[in-house]
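In the two assemblies presented below, chain A is common to both, partnered first by chain B and then by chain C.
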Partner chain A sequence: MIAFLLRRLALGVMTIWLISVLSFVIIQLPPGDFVDAYIAQLASSGSSVSAEEAQAMRLQYGLGQPFYVQYGKWISRVVVGDFGESMEWRRPVTQVIGDRLWLTLLLSLGALIVTWTLALPIGIYSAVRQYSVADYIFTLVGFIGIAVPNFLMALIIMYFAFKFFGASVGGLFSAEFAMAPWSWAKAWDLAKHLPLPAVILALGGTAQLIRIMRANLLDELRRPYVVTARAKGLSETRVILKYPVRAALNPFASNIAYLFPYLVSGSIIISIVLGLPTVGPLLVKSLVAQDMFLAGTIVLLLGVLTVVGTFISDLVLMWVDPRLRHQMD
Partner chain B sequence: MFGFITGRRAPQLSKAERFAVATQLQLTWWRFRRHKLAMISGVVVLLFYGLAIAADFLATTDPHATDARTSYIAPQPIHFFDEDGAFRPYVNGLKGVRDPKTFKLIYTIDPNRRTYLQFFAPGYRYSFLGIETDIHLIGLKNPQRGDGIYILGTDLLGRDLWSRLMVATRVSLTIGLIGVSISLFLGVLLGGVSAIYGGVVDTVIQRVIEVVRSMPTIPLWLGLAAALPNSWSVMQIYFAITIIISLLAWTDLARVVRGKFLSLREEDFVMAAELAGASQGRIIFRHMLPSFASHIIAAVSLALPAMIISETSLSFLGLGLRPPAISWGILLQDAQSIQTLALAPWLLASAVPVILVILAFNFLGDGLRDAADPYG
Partner chain C sequence: MTTRRRLLGYGAAMAAVGAPTAQALAQAVSGQFAQSGLVGALQGPTQANTVPASFKEAPQLAELVKQGKLPPVAQRIPAEPMVLKPLESAGRYGGTWRRAFIGPSDGENGNRINASDKLLFWDYNGNKIVPSVAKGWEMSKDGKTTTLFLRKGMKWADGAPFTADDFVFWFEDLYSNKDIVPTPISDMTPDGKPGRVVKIDETTVQFQFDTPFYLFIDLLAGDTLIGGGQSVRQATSFTYGAYSPAHYLKQFLPKYSSEAEVTKRAKEAGFDTWVRALHVKKDWQLNPALPTIGPWRTVRPINTPTWAMERNPYYWAVDTDGNQLPYIDNIVMTLAEDLEVVNLRAMAGEFDEQERHISLAKLPVILENRERGKYDVHLDLAFNGADTVFLFNMSYKGDPEIAKWIQTTDFRRALSLSIDREQMNETFWLGLGTPGSIAPNESLPQSPGPEWRTKWSTYDPATANKMLDAIGLSKKDRDGYRLRTDNGQRLVIQIQAVNALLPWVQHSEMVSQFWRKVGIYADVKEMERNLNLQRIMGNDHHVAAWQNGGSELLYLFPRHTLPVDPTEPFLGPEICKWYASDGKQGTPPADANLLRALQLFRGAAGQQEDERNKTAQEIWRILVDNQYGIGICGQSPAAQGVRIVGRRLGNIPGRACIAQHCRTPGSSHPETWFYKA
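And now, the complex of A and B:
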């Protein structure tokens, strides 16, 4: 078990390292070095940088030196929390990102919870009442969930909400709270706005999980031990929930490690459609404006967030599933 | 039994006998045919690819031609019969109205006017499989100035949505195909190498796969796609985007290939081939490949919709293909804001083929996966 945890941890560290290299590559990709870009940016806003200042900046970031030296300089600053300055906003990157990172996390976690709480009971129901009307309806809805990319789903829901209810469904806050400092009232406002985007984000993953759960449980329900349990006179609920459902949960659980990155990814694109104040719109904007420190930092932070989230879900899994613990010994 | 030799007619085979002597391909096909939804989906997919080949032929108007006067014209449905029941397809014509503020001529649909249509009408020039032509499936009979045929309406710049959708289908579907080919190459190569060599190589490749799978893909795609230089041509961007998308999508295919390789290696027929002195190459390509080719085909048809969604999402965000290229994502980009949708809801029509194709590929892949192992 310790070995399994260590392996997972090592893998997580490796992933973070790879993501950091990729983020740095993204920062470096635009033609010319970013001091040029910075000077051009300043020039367009009317101020200028002297040659000495530019030279000092180049030295500070090790520009002109080999890639790994530059990467080393950048990462050693990142480790102490200095992500550089956003060229477009002229403020430290961390300030620009602000609450957005936590809102992204909140949205993804919300979607994760929706996925679990929907997929589990529906999957069980569809398997136990196979070929019932409800099973067909869930299957149909599930296929739609898989086939409609979530940005399209957001777009369509937004259109129909507008057309039939005249309501605008975007955003995570009401207008009066958007800029307000945090308070209980603001948190409550957020709680009221969060469910819709969380459900939209969760739909694709939920549909897939329902199908996995249904197929696994159907396999288990045909096994002799279920017949035995029934023959011994256990109540139907107990027969199903106590044994086959637990057995069917295993592959279901192993999928969850890949569900979280998928949700974080998806949150970017639906945030843009629904106008949510997560890092999504900021990332796209910074990429279009070639504000590379901001963009690279967001990619890096999202990656770290995903890895940490996946690691935590691994821990939870091991706590829930005794077989996983023993398997690893 | 020796019916062919003695010249007597071969006896009619019973169902069980036919099953016993059928080739693997036949068995797979019989199994697949039982899956009705997959069959229909297969036909839908073929139709879409047919449509992609004939995109310019099916288009009615030059998909790049802009006209400010025909901005946001509502869809004009084709009427195939006139009131006598005779087959004379027509669309309601357009009426030029002067804008009272700007004095600009604006076209709107006039229900009292008719413009008749003809099949195989001349239109804009295009090249079909290398042949220069200007024949389109449907066109106006005697086009007058200001006449137009807008089956699905027009966008802000007055471009015909139907024609754009046809061309977009071609772009989006081929991106999927090329992307899957690259993924397949990487997947088979790395999955195969991983299974054949084992040991350290296997461990490294498996860890890389786990790392790639646990990364959030969209931010990385966005970052890489945004770095493509603005000076690149449409074609260069097209290939670069395809490569970016397929770089992160090969892992599933590699896992399928590796798993199949490992399980087949234990099979008796592989050992028999080994004992008979077959070379490693012969064992892999002659004996192992045919038995998991069907699994790969199934995995590919499930990977394709993911590719199409990726391209559509990237272009939708403005970081994938860029205008003047036309793809589903670019068409949907126009439908991004609720203000536009309230004004021109028909722009959402581009969502229909996206959903149809993804559904069809999913059903097809499911059917293929079930049929891939006909002995099971």
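And now, the complex of A and C:
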């Protein structure tokens, strides 16, 4: 058991290291470097960079050096917790990400809560009342939810939100609070802005989860132990919630691996459409700008979260499923 | 909230039905714009000569004076301030100017608002150089020495005196230090010979050169590295402008303590080297503690979600009534990483003044929402010849057959004649542009004359066909496309385009259709903007689409008109290298006329103004006659010319000069704008 855990841990570290190399390589793959991307970006908005400036920038950021030298410098500092300076934001990478990480987590967690509180009861209901009118309606809505891309849903819901509720155009804060230090009023302002993006983010996942829950539960409901429980005279609610629902939840434990990186990167497209200050747009922009340290750090973060998530989901599975434990021993 | 509902409705509707309807809509409304009154008269504040007898200040500053935190206004303003006569009237103090910016690379957004910290500037109509930081200037007869006279008693935003020493500090300790500025700039090295900055007395500075440099005054006033002040090109962290706050920046330089000491402090602040630390510390967008002299100073840096500024209590300009400028207290720019979001919020009335990042294509929707968003729309027309230029790679080598045709003058002329510019104007410029060549507006002193606006730039496909037949491209395939002369295959010309300032990909698609009609099979390659530039630098492109903004003053911004700048070498990277290295690298142009244009251009810096303008006219005639760049349509509001202005603002010009050298909206002096209520 301990040996197994140690093996997984060592593998995890190796994986993370590989991810760091790969992410660095991939970021460098497009032709040119940060300065080239920078010149192109400024040129597109009508500004310019002179040849003298370009040369000075390259020297300053050490961009002329070979790839492995740049990587070596970066990773040796990452080990001690220094992620370098974002070339585009001209601030330490940790600060740039830190600014947005909490809002990102808040948004994703909000979406997750919405997903689970909607999907589980609906999934259970659809399975238990299979082929009822409500099941058909949920199925229809669910399929639409799965089929419609997130960003389109965002546009449509934004339109209706304006039409009926007058909710604001994008952003997580009203203009007057964007600058203000944290206060109850600002938190309330955030609370007013959060539900809309959280719900939009949640919808696709909800639809999917309803389908999975329904299918899992339908499998379980036909098992002999359910018949036994009923025969013993347990109340219907108890029969369903205590046994088949618990069994049907098992596959979700293995999903924890994907849940962790989702918390950070799940909201990329929604954030771009709605103009939210989360980590998602930061990642996209840093990749376009070839801002290596920032992009590398975010990709590394996502990699670490996936590895940690996998590790935790292994532990949870072993805990809930005795058969797995037996295999270990 | 109806505002947003309606405008989203439009957005969704337009997206759903796609481009043809958008085009039809554009054509339907284009007729209105001409009579709409949206294009006003060119206006702006002017400089007055009489200094008011007494000075007044903003209430918030008066309060600080009362508390003893600030000296009285008379001590903060120089004895010879810049006196601005506001466009309409003296304004009231107060208010926060809400605006959008799109990220840390959008530094120009704030630079241009603070552009009066330039040494010299242009007046509101963009054709006369006027004093700014320097109250006057003098050039020696031989053109080798330029003397600037500073304002006596002028101060930095922290109250320290602003003197000639700040220029000498910039020159000796920053510019001449190879660690900070590795390469000398061409603005300071005419004919490759480095110039000097010398202090004459506290308020007199001299720039000395070894060769005649009559262009230098224009460079000081233009959007150039030397003409900067603190608010030019800061986005790259490299100040080249000719002064810097010595009293503040000395602490970051090894010269004034030791290399070990400044390095240690840099590491403590989280920077790799003292050079990195210095570049951040002397950047007004990043460091709120940096003393500046512009009308507003940063309180929240550009690399946060809100770039905020407050008034400079020591700003050295007053209105004709003696009120210290600026009128507006604060500027708050909110980060919107997507241009669509900027435009949407502008239409919802969330910005008080915004011309940057507003898209011409959205004009119909912007106009629809004027009442709900409580704003006016002004269309400012540019002076440059073309918002869309198709530039030939004159040093292309990849395919000898293609290179041969690109080098053939009549081939380029024929392609230009085959384009229906009127149709493109209606489709993409809503009829607001002026179709024609790359030559600038004929009112400018460097214009070669109105006939050069139309030379080889009319719609004449019959002549185009004849010319193509005559140069040896008479054989065609079954589909009617002309064949290569080497292997009998179809001749395919690639147009490389990005969607940046304008949707150049769509423009290119339409042009490729026109070219196909005269038998030249053109293929449009849409590029990501970085890849686009990479391929151009790599000498890989046949033709690239771009614009020539800034070329209205040819000598100040030639890079999109002549092959002189290797950072954006549309007209041939090898030629750009050759020109920039003075013949040490690259290859000279094979085309004799282009070579002559480059020689004329190089010689012009040492010419006096009249002669220099004549040279520019000669260069323009060569460029238009040879069609190295095919101009489509220009003098439009496409680049920062759609101006959304909240109705509460006063002293707003009906039409502003939008041009590179005018630092739009800088030459309209935003410090004279105010909130009426």
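Side notes on the structure shown:
Everything below uses one rule, namely that the second predicted complex is superposed on the first by the 177 of 329 C-alpha atoms of A that agree within 3 Å, B and C clash if a C-alpha of one lies under 4 Å from a C-alpha of the other, contacts with A are read in each partner's own complex, and residues count from 1 in each chain.
The criterion applied here is as follows: a contact is a pair of C-beta atoms (placed from the backbone, for glycine too) under 8 Å apart; a residue touches a chain by one contact, two chains touch by 3 or more.
Note that this is a predicted model, so its numbers are computed, not measured.
Contact with chain B, but none with chain C, is seen for A:Val148 once the two complexes are overlaid on the shared chain. Touch criterion met: A:Val299 reaches chain B, while chain C stays clear of it.
In the superposition on chain A, A:Leu29 makes contact with chain B only, while chain C stays out of contact range.
In the superposed pair of complexes, A:Asp99 makes contact with chain C only, with no contact to chain B. Legend: residue contacts after superposition of the two complexes on their common chain; A:Ala43 is shown touching chain C, with no touch to chain B. When the two complexes are overlaid on their common chain A, residue A:Ile240 makes contact with neither chain B nor chain C. Once the two complexes are laid over each other on the shared chain, residue contacts for A:Val128 go to neither chain B nor chain C. Look at A:Met158: by the touch rule set out above, it reaches both chain B and chain C. With both structures placed on the common chain, the touch criterion links A:Leu221 to neither chain B nor chain C. In the superposition on chain A, the residues of chain A touched by chain B in one structure and by chain C in the other are 30-31, 155-156, 158-159, 162-163, 168, 170, 272-273, 288, 290. Contacts from chain A toward chain C in the complex involve residues 30-32, 36-57, 59-60, 85, 88-92, 96, 99, 155-156, 158-159, 162-163, 166, 168-171, 175, 178-179, 272-273, 275, 277, 281, 285, 288-290.
Across the complex, chain A is touched by residues 207, 210-211, 213-220, 222-224, 226-227, 229, 305, 309, 312-313, 316-319, 332, 335-336, 338, 341-342, 345, 348, 351, 354-355, 358-359, 362-363 of chain B.
Note for the complex: chain A touches chain B at residues 11-12, 14-15, 18-19, 22-23, 26, 29-31, 143-144, 146-149, 151-152, 155-156, 158-159, 162-163, 168, 170, 257-258, 261-262, 264-266, 268-269, 272-273, 283-284, 287-288, 290, 295-296, 298-299, 302-303, 306-307, 310.
On chain C, the positions that touch chain A within their shared complex are 1, 4-5, 8-9, 12, 15, 98, 102-106, 108, 181-186, 225, 233, 235-238, 240, 270-272, 275-276, 279-280, 283, 286, 300, 303-306, 308, 332, 334-338, 341, 344-345, 348, 350, 357, 498, 500-501, 528-534, 537-538, 549, 557, 559, 565-568, 580, 639-640.
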